[in-house]
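The structure under discussion appears below in the form of structure tokens.
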Amino acid sequence: MLELQSIGKRFGAFELKDVSLTINDGEYFVLLGPSGVGKTVLMEIIAGLIRPDKGRILWDGEDITSRPPEARGFSVVYQDYALFGHLTVRRNVAYGPAAAGASAEKIRRQVAGLAEILRIEEILDRYPKSLSGGEQQRVALARALAVGPQLLLLDEPLSAVDVNTRLRLRKELKRINTELNVPVLHITHDPQEAITLGDRICVMLDSRIRQVGTAAELFHEPCEPDVARFLGMRNILPVNRVKGGVCFIDDRQIEAGAADETTTHIWIRPEEILISTEAFESSARNQFRCLVAEIEHHGSLPAVQVVSGAMSLTALITYRSFKELQIAVGAEVYITFKSSSVHCL
Amino acid sequence: MLELQSIGKRFGAFELKDVSLTINDGEYFVLLGPSGVGKTVLMEIIAGLIRPDKGRILWDGEDITSRPPEARGFSVVYQDYALFGHLTVRRNVAYGPAAAGASAEKIRRQVAGLAEILRIEEILDRYPKSLSGGEQQRVALARALAVGPQLLLLDEPLSAVDVNTRLRLRKELKRINTELNVPVLHITHDPQEAITLGDRICVMLDSRIRQVGTAAELFHEPCEPDVARFLGMRNILPVNRVKGGVCFIDDRQIEAGAADETTTHIWIRPEEILISTEAFESSARNQFRCLVAEIEHHGSLPAVQVVSGAMSLTALITYRSFKELQIAVGAEVYITFKSSSVHCL
Amino acid sequence: MANQRQIGWFNLVLALLGSCVILFVVAPLVGIVLATPASDLKAASVDREVLESIRLTLAAALFATVTSALVGVPFAYLLARKDFWGRSIVLAVIDLPIIIPHSAAGIALLTVIGRQSLIGRLFGRPLTGTTAGIAVAMAFVSIPFLINAAREAFGSVDTKLEKAARTLGAAPWRVFFTISLPLARRGILSGLVLMWARGISEFGAVVIVAYHPMTTPVMIFQRFNDYGLGAATSVAVLLILICVAIFIMLRVFLRPKAEEF
Amino acid sequence: MANQRQIGWFNLVLALLGSCVILFVVAPLVGIVLATPASDLKAASVDREVLESIRLTLAAALFATVTSALVGVPFAYLLARKDFWGRSIVLAVIDLPIIIPHSAAGIALLTVIGRQSLIGRLFGRPLTGTTAGIAVAMAFVSIPFLINAAREAFGSVDTKLEKAARTLGAAPWRVFFTISLPLARRGILSGLVLMWARGISEFGAVVIVAYHPMTTPVMIFQRFNDYGLGAATSVAVLLILICVAIFIMLRVFLRPKAEEF
């Protein structure tokens, strides 16, 4: 178990502030944040490549803050893989065991085993330069796993490969984590990736940790609007005041079952908003007449942006409804959503 | 109107093969393809920066193949903006008019006008280095527009900015295209971007043009499985044979209204597949008992991958149904889709 | 902790080796300054013969530099941008003066500008023993420094900037003067100063082309030969100080400023 | 088309300027070869005095290079990797020998290794007039080339590779020998050859430290002074050929091979 206690680090104008977090045994932990927020610095602090100005790092309760990287056993896979260009794939993978003084026979067996797991047997005698992005990625993983790491640190490992390879490698990473029972710290700027992979996700904004939790927790109860926005959520509305379960938002009132005095923002999932061409009676407590302001086609699900007075909301509907309702920019439509669909922040 | 006639270009192992296409007046034309496919080379051939080995380039019917870039009037916005670091924003924007010998007064007015349109008035006296990605992007656009271009060439203009800026800039690009009536050639590797922006989209794979059409045409009638796959479509199944509107796919038979002898692949939209925990009678002609193989959370819409024999399909359902149906990996479910939902390739 | 000490050892050994190098470079310079009484230095700095040689040296090197720049900088741009047939041979030829022994270079120059040479006959008299001859010798041995510096400076200018400028309607010559040259100016300027400094310090080629008029490096050699070490050191210190001043100028004023662009 | 011609003009002018530069560099070298009858060259190449001086020159320069490499290459690694206080001053100090006039450098070295110096008194006799003295003079003027080449070579090795190696369990010294040094080997090797070539061609500093034993650049100067141009050219051509051969070796064998990595 890795524990960071109030880690701080300053480089000129950049400052990492008071970072505390825990990575449990066998956990797939994702560090999610926009670029430039200090994720890589934090990773290098964990690896021992950068010394923090403040704070302590504990591994299974033991203070390892001043232990050099070669004695920590946390291996790093960098975004561009950082393969050793002057060595064959085989010798890249063997680098760690050789540095540890393993016997030639033991190294041979270890390389063979990892080559099988990661399906790189065919390329063991090639040089990194001649490999595709996906192959390089697997070699980098094999090299990192060859030392039998206590913790695997992955710095944006999927950002340099194309979409299809990325989907395949995601599964591979998760499989390694589960089968070899290695805890993983995975850095990414992509919320999708974090959701798909992370047992727990840590959202970092402005060099500070904002929220740690499972994907479900983050998406259902983001702790602040910044986090929600970063996660790509739409329909976050600031609330002026709340009275008896009704949120006052500029010139509109929205009924929200969960609203109380502490509510500052509400959030409505785009796919929980129903669009109709006529008003209708239903159990849903919120219904507004709107104008269609814009239609965006993301993949095959049209996102319809509607405005009602000063309030602007986006609804995600199926392509079929989109065609049946004949929605066009400027058309008058009704939106309907349940009071229980209104989430409070 | 720009016409490329059988353009070919070879650089060592790379070859651009027989490219012919037309960009109409005022059109927003998107060139879509994975990286390394030669999109930038093609753009530089259009700009006059690279001379093609073969083929002709016509502008309004006139052959401009051997005309140098400064005489074509097609301005380029590069991926990293390529702003002149030794000049202020103002002088960056004024570069083109100054090169054309415009009077100081005319340049002043032109810069002021564009600065207003692109909202860069505040930063006119700053140097590019001090600007954010989104600001640099707008300056690059202003500079390119200052020459009153015949055609605007954009090379991955949105790939270096963060998600929120990207969404804002997309609208800006579309607005410029519409309001100033400048035809745009926009290069991207992102199908989403192509769909959102393009009046017409040209899909380029393996240095060759595969299909040109509107977003709707591409998504409803992709001409070949490669194109469909690149567009991110799931559920493309190869058909063994077709008999009386029934497609034989390994050990399964799917009814498809549109299938005939020429059908080689069928394609089912993930959101047109219904998932239920029990079989039911309906007008939909295709129903299969399946096992849930995997659940992926992309944003807030879960993608459920199911297998029935050798057939694997993905269904996109709402988060609410997902919770109500209590779908878990390994569960038995039924999928149902209409014969008219089966698209033939 | 053992591992902590290991890091320390590694860097300590490197630092020790480094100190040896620094000492090796600094010791002779400190030595010569210590060996020169202030009075000798003062005497040298008002010696008309010395001052005249310094003036000659600076002027000849400046002339060599400016002339070379007018021809060499545009050529460096061509070398940075175009990949023509035989380019690597041309690059090698430009580097030749760096590795040719300077006394041999002086002899070689004599075959071109000496008494029997085409130029010698053309002008009616050889360039040997003239300021022009000195400048030619200086230019020959130092022009690679200018061209290489300018070529690298142009090479570090992103060609996309030039391409963008072309599409904005600028002809090639306009792109060169408004984009390439301003963006490469620091590198070119430091190449100019470097070439000037190399010209000033040239001894081997100059002493063969022109023993008179006497440049300062030649004068140091002559005084050492004719009057011994004592007579040479004060002039040597004076010249070293001038070169170090130019060098500091190069380092301090031409260092790329990170904050600008 | 008018615009097409414009591009042509621009490049044509640059190419013309380039031809002037090439001519300026090549003419003296062609001139000296043409001026030397084959018989003279043959005579020089069997002249025992000449051969002995060439042997001495190559050996002294080699000795200077190898010794400097053992100390300087690890130091270059430190300079490439660590950002310590005063680093830019250290970098400047290392470059000093490049800009100090070589005759002045020779005088400065005399104050350290000459008769009156500490080292002179320590050994009971000065290093002047010895092979060791020659090697010291060669090392002084050429060590910046080695250190800068090695520093740049190490600098171009991605530090992420070294970091990755550290996390794989390799101690700093192991990372240096298994990652940094092999990846920088081409740059270092070309720095070594460059330093060797610069040592061979050194004249100014060597002639002051040791007129005897006579290195080839000194012999060219001595023959020119004592017997005139004719006597000097054959030795000069011989030395130029040796230097050009080393130079071609540097260019052909040490060019980075694109296909490897």
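Remarks
Per-chain residue numbering starts at 1, and chain names A, B, C and D are given in the order in which the chains are listed.
The rule is simple: contacts are C-beta pairs under 8 Å (C-beta built on N, C-alpha and C of every residue); 3 or more make two chains touch, one makes a residue touch a chain.
It should be emphasised that the depicted structure is a prediction, and the values quoted were computed from it without experimental measurement.
Looking at the partners of subunit A and subunit C together, the chains they share are B, D. Using the contact threshold fixed earlier, the set of chains in contact with both subunit B and subunit D is A, C.
Look at where the CA atoms of subunit C average out and do the same for subunit D: the two points lie 15 Å apart. Taking each chain's centre as the average of its CA atoms, subunit A and subunit B sit 25 Å apart. A straight line joining the Cα centres of subunit B and subunit C is 54 Å long. Along subunit B, residues 68, 70-71 each make contact with two or more other chains. In subunit D, the positions touching at least two other chains are 3, 6-7, 171. On the side of subunit D, the complex with subunit C involves touching residues 3, 6-7, 10-11, 13-15, 17-18, 20-22, 24-29, 31-32, 34-35, 68, 71-72, 74-75, 77-79, 82, 88, 90, 92-105, 107-112, 114, 116-117, 139-140, 143, 147, 171-173, 176, 194, 197-198, 200-204, 207-208, 216-218, 220-221, 224, 229, 232-233, 236-237, 239-240, 243-244, 246-248, 251. Residues 44, 47-49, 68-76, 78, 80, 82-86, 95-96, 99-100, 127-129, 143-144, 146-147, 153 of subunit B are the ones touching subunit C in the complex. Residue ranges of subunit C in contact with subunit B, taken from their complex: 158, 160-161, 163-171, 174, 178-179, 182-183, 260-261.
Subunit B makes touch with subunit A in their complex at residues 34-35, 162-164, 191-192, 195-196, 215, 219, 229, 232, 269-272, 296-301, 316, 318-320.
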